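For reference, the structures are reproduced in the following blocks.
Common to both upcoming complexes is chain A, partnered first by chain B, then by chain C.
After this line comes the complex of A and B, so read on.
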């Protein structure tokens, strides 16, 4: 760090003091001496020790135990300009500090930069939209009732799972209304995909659901395969199911950890990351990436299962079921967790259907809608698994559904390993894909619900329209219906129990 | 392909359908006009033989000539996805009745379609931008919105300004020149 020469003006750029060694030409230069002599004790501590010691030896350094000798040896004349920090070469000067504080601009009602021209407390808490309210709903939300106030949460809030902003209308500690504000992560992926060729789309959609990116790839390639009438080899289908179910386990495990974290429990997230890390390392062995796999291809997958993957998978499978139970027991038998999650954020089945909620959140309301069974794709009809449902529809039910789904996913992985056929892993397709003009819709069951893609081909090598349907988007939409009536402290517990991923919501 | 669904739709919605009921691998597609959206969606949702209760998706489409709104529905009565295309909306003033009277959750989907295409959903009580900033003025997924590096498709002008003023500026004499149009009508 450069030392500040005594008397330097704040506006001027500082000149770094060169380390001066005794006997060097620089030390004898009279122009260097006052600067070196002015090095203060504070700077002494912060500068490289060798440089400071050398400078102290060259010319007396003020501060520390050199003060006395330094003054006797070579004290330059005190410069006229005061140091901006209120200190002089003779040490700290309280008078200068007082003078500096007095000269500082004070907050005042006259200062146009400071908004103090409000009369009551109620005004202070009223967020003013930067535009006149545009819709009926917005006008209703931005009108405060008696004793109500607004509280802004996010978008840079550690508990909001990404860049989610919630404007809460509170009455005391009770949430009266919520206006979720999204779009902070909007990257225009649909537009980018409409300007990429069909192979390119796969890695464009990858970062959307960054916790479970294989599902997003799957929905895209499934739709393209319908569009182009491609037959996927059976081995590729089994590999897809195997890898996707592994990732579902990872995603759900992470969900459990983060849900506990939002309710104040630190331990489960540590175990979640152990499991999740093992799974992504396993997938990295065949895909080469830990998060954005770019693994599925139109007509198959990119690489075959290899030895490292199989050995890691075997190792993990030998303890997966037991570990899942152990992780779940951390929360299932935790009284604080259960009492904070039970009975909050209740979604009834009628509302869930109206809101377009899918996935575990819908099954927690008693509706057994799972795309793997409701509209089977890939080799799911050949596999034996249950669709767990619960009736309560609260945060606890949404959590318990995930635990059940992890168990079912482990069963599916086991069946995939036993039934894995031999054969090719990808269909033969031309380098440049130009599907016939047409439309296709494909949907897969992701960890958060129905992940759909609607693609229109105009016969060129780029999709004419590429529409991504994200389940988190629909799940988050229920927040204004779930939160009112709950306490502020439960806000994040409810939002977190819906498992929103902002990357997918904002596209 | 679910032939019985096709027969049922033809019998139930004959007066509203535009063109035949088309079927692809696992999708059944019908086309309607904006005026019959309410009746058709209500019939699909409420008819005991149809019961399309899950709104899987709502998407806007700009074909270059017209705007479309596309609904994807699921029902336990049929193994097919049902695609309802509301066709023939004008690109200058696309208006569709909102589906929020059946699916409250369509509110955000319609906000997104409005945000990206400028389609007005009449009856949606919160139709404002959702992904783009509130003061944004363009509709990015329209086909006359070019990416800045997409010079090949712009009408002779090379790269163009992406964000437009309130009234879309007419760059060439023919405002639709260079727009990529879908041959699928």
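After this line comes the complex of A and C, so read on.
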């Protein structure tokens, strides 16, 4: 078991770094860990994992999963002893549990390991994981050098977007190392999608990228259309492009505001919200929702363009280009902002390719990869737009890429309005979809990069496997490579310029 | 059940309040009269013998009391001005145009839990806001608000100001250290580094003014700028004024130099663990600091309380005889009654049908009040030079307060290393150069 050197204080090598509850895995050697792994693990400790699996197999349940074995043990494979507390929902034999609790070393106030030593309780607030380090990387990260300290940023922090937690190792103000911790929003959406039918998948994936939810819907819908060989009407395709590009503008505008906010400017975010609000209101006119639209359908969209949408769109388009330029000028020409953003968090293009970075963050390092051009879908081949790139790869380049993309999106919206064909908006499909067994991959270019969905059909009305490729996740993976060497203040400039959305990352 | 209990339970709430407060008021009144009769003469004798002490006590009390409304006004100004810059409306619920918002903030802060984190160094933790706040208040003591209206005319006024301003960093450092929080610690250390770095150009740029005025007394610095706007030191020391403004922004921890409480990096900096009135003291101190820094810029470079042009009225009514008090009260009463009635009748008969007499009376009273206050204020402005001085001083000071608020609404925050390199590589050489040129010019011109 690797030791944690930051706990090894001079003269007290045997003292644990933080008060350890007896019976927790950190306390003793690994051999006795399962026996002392707490109440929930106790069932396995008693019967043994193999026995539990065998009992599950005997009960005819697909085994292997933790929760399922637990539930399987509740089946009368092991007849319960007379139970003074009534039925136990988790299948624990109360007698055995009580016996095991009695045998466990009880925490007492005299135990030197749980006394808070007033002189050294600074350790208590170190973000040390409550388990022995599992990998070499973890052991390296959690060992403090001379004059270094940990700073726990998030998951509740004004500048981490959503519930990102960054454990920073600081030397003074300089970031030496960083450990991003994710998963605070994890709900198992992919598994939920595998248990819902094809129509319901759309509103399950909707809240993942909550800033630009149409793109997540689009990737799922595109995959299912490939799976079922559905021909989407041209008007529906144009409506999809129109609404998606509107949402891309909203997302990028919000990005600029939040980047400025994280650098200390409080005004641009409110201008951003004004633009976003207009776009969201016009989308609400056709979808009925302001944030989670649930608008795309397999084979088309859920409603045609209406008068309110068109009048709001015309109103907005008449000054959109000018307004976005004005908002961007507030930052582009601001010396403090440019000096803060230029040259920090430079992303190497080889590293970016290796890490699977896509979207504006990749184009900011000089690689013109855009799914709309590289793997065309929908009616994008008919539309005229550029793929802006920049060579620097720093925070400022990532910001300027977004400014350019907003211009291109406004061009696309203009062309959509000119070329919008007439006709049906959705293909005729049966109520219950049972695609032939097969697999499909569909990807769209979201505001943060390639948003993909991979689905396998087994011929039933639910996807057999459903996997989501989220660009924010790949972009966030580069943070441990970008942050070290920069200052604490740059942490926010870099993380914010990568534009992570925690809903999509945690899924 | 005793008589007292029975009576108490039968009383209504207002009766109970009266039953508590009327005896209390009577006892207090008797005590006050007794205290005046018994302690008054010896106390008055003592105070009469020590007039400077009386003056000092009055000045300190007045300045201590002045800080709270000043902070309220600036907080409200910041809320409202930044809201307008953000295309928002800002506070508009409490009072007219939301003007009581900062008052409500004050009550909120007072009513919150006074919380101290586990592991905090309690004595230091408690003292830190006091040190910060008192350092701010002490600096106000030497600022001349108007002719004859100042706390203390120290002959080392400028020096005293910088000494006290330097003390405020001690409070921030104490807060950062004692909070037992890494964000607080980083904020405290940042503030120490920042304020120590910016004190030097701040002081050096003020030395040019001191050389020109030949004194460190704030009053004499203001007097040496009297005349018109062209006599202000801003025209003799433009570079110093610029350096002073930048360094003062850093000194007051304002955007773009608000490193100590950078909310996107260090959650709230040194104040992260503070709540309730302890936080309130920090909050007040910040806004009082803004006022002080603006007042100092006004005093040193923009002529203090002097008018921007030669005042056309040759007469000064400082010797106006107000001793005939009863007559003036009668005149004021007459003016109010007549004015209210006449205006109410005008509103009633020409204002349309919706005005009934009571609301017309209220409107007439408000109009009269505004008119009387305006006339009296104008008369006072013409007649008394201290009202003139206060007016010009406040106009100039709040203009700079507005600039600080404006910068907060516009600019992002600079980075720590940029901040430090700017101070040491640009501001310090520039202020040294300014000092050298000023001294050389003074020596050459006096030859």
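Some observations on this one:
Definition applied: the second predicted complex is superposed on the first by the 381 of 507 C-alpha atoms of A that agree within 3 Å, B and C clash if a C-alpha of one lies under 4 Å from a C-alpha of the other, contacts with A are read in each partner's own complex, and residues count from 1 in each chain.
Quick note on the criterion: a residue touches a chain if its C-beta (ideal position, glycine included) is under 8 Å from a C-beta of that chain, and two chains touch if they have at least 3 such contacts.
Since the structure is predicted, the reported quantities are computational estimates derived from the model, not experimental observations.
Contact with neither chain B nor chain C is seen for A:325 once the two complexes are overlaid on the shared chain. More residues of chain A lie in touch with B than with the remaining chain of the pair chain B and chain C.
Residue contacts after overlaying the shared chain place A:182 against chain B, while chain C stays out of touching range. Of the two partner chains, chain C is the only one touched by A:149; chain B is not. When both complexes are overlaid on chain A, the residue A:507 reaches chain B alone and has no touch with chain C. When the two structures are aligned on the shared chain, A:173 is found in touch with chain C, with no touch to chain B. Judged by the touch definition given at the top, the superposed model places A:191 against chain B, while chain C stays out of reach. After overlaying the two complexes on the shared chain, residue contacts for A:348 are found with neither chain B nor chain C. Touched by chain B in one complex and by chain C in the other is not one residue of chain A.
Here chain B touches chain A in the complex through residues 24-27, 29, 53-57, 59, 61-62, 70, 72, 74, 76, 79, 81, 83, 102-109, 112, 116, 125-135, 140-141, 145, 147, 150, 180-184, going by the rule given at the top. Note for the complex: chain A touches chain C at residues 121, 149, 151, 157-159, 173, 260-267, 270-271, 274, 334, 336-337, 339-340, 487-492. Within the complex, the chain C residues that touch chain A are 82, 85-88, 119, 182-183, 186, 190, 255-256, 258, 262-267, 408-418. Looking at the complex, you find that chain A touches chain B at residues 129-131, 134-138, 182-183, 186, 188, 190-192, 194-195, 226, 229, 351, 353-358, 369, 374-375, 437-441, 443, 450, 452, 454, 456-459, 464-465, 467, 469, 473-474, 477-478, 481, 506-507.
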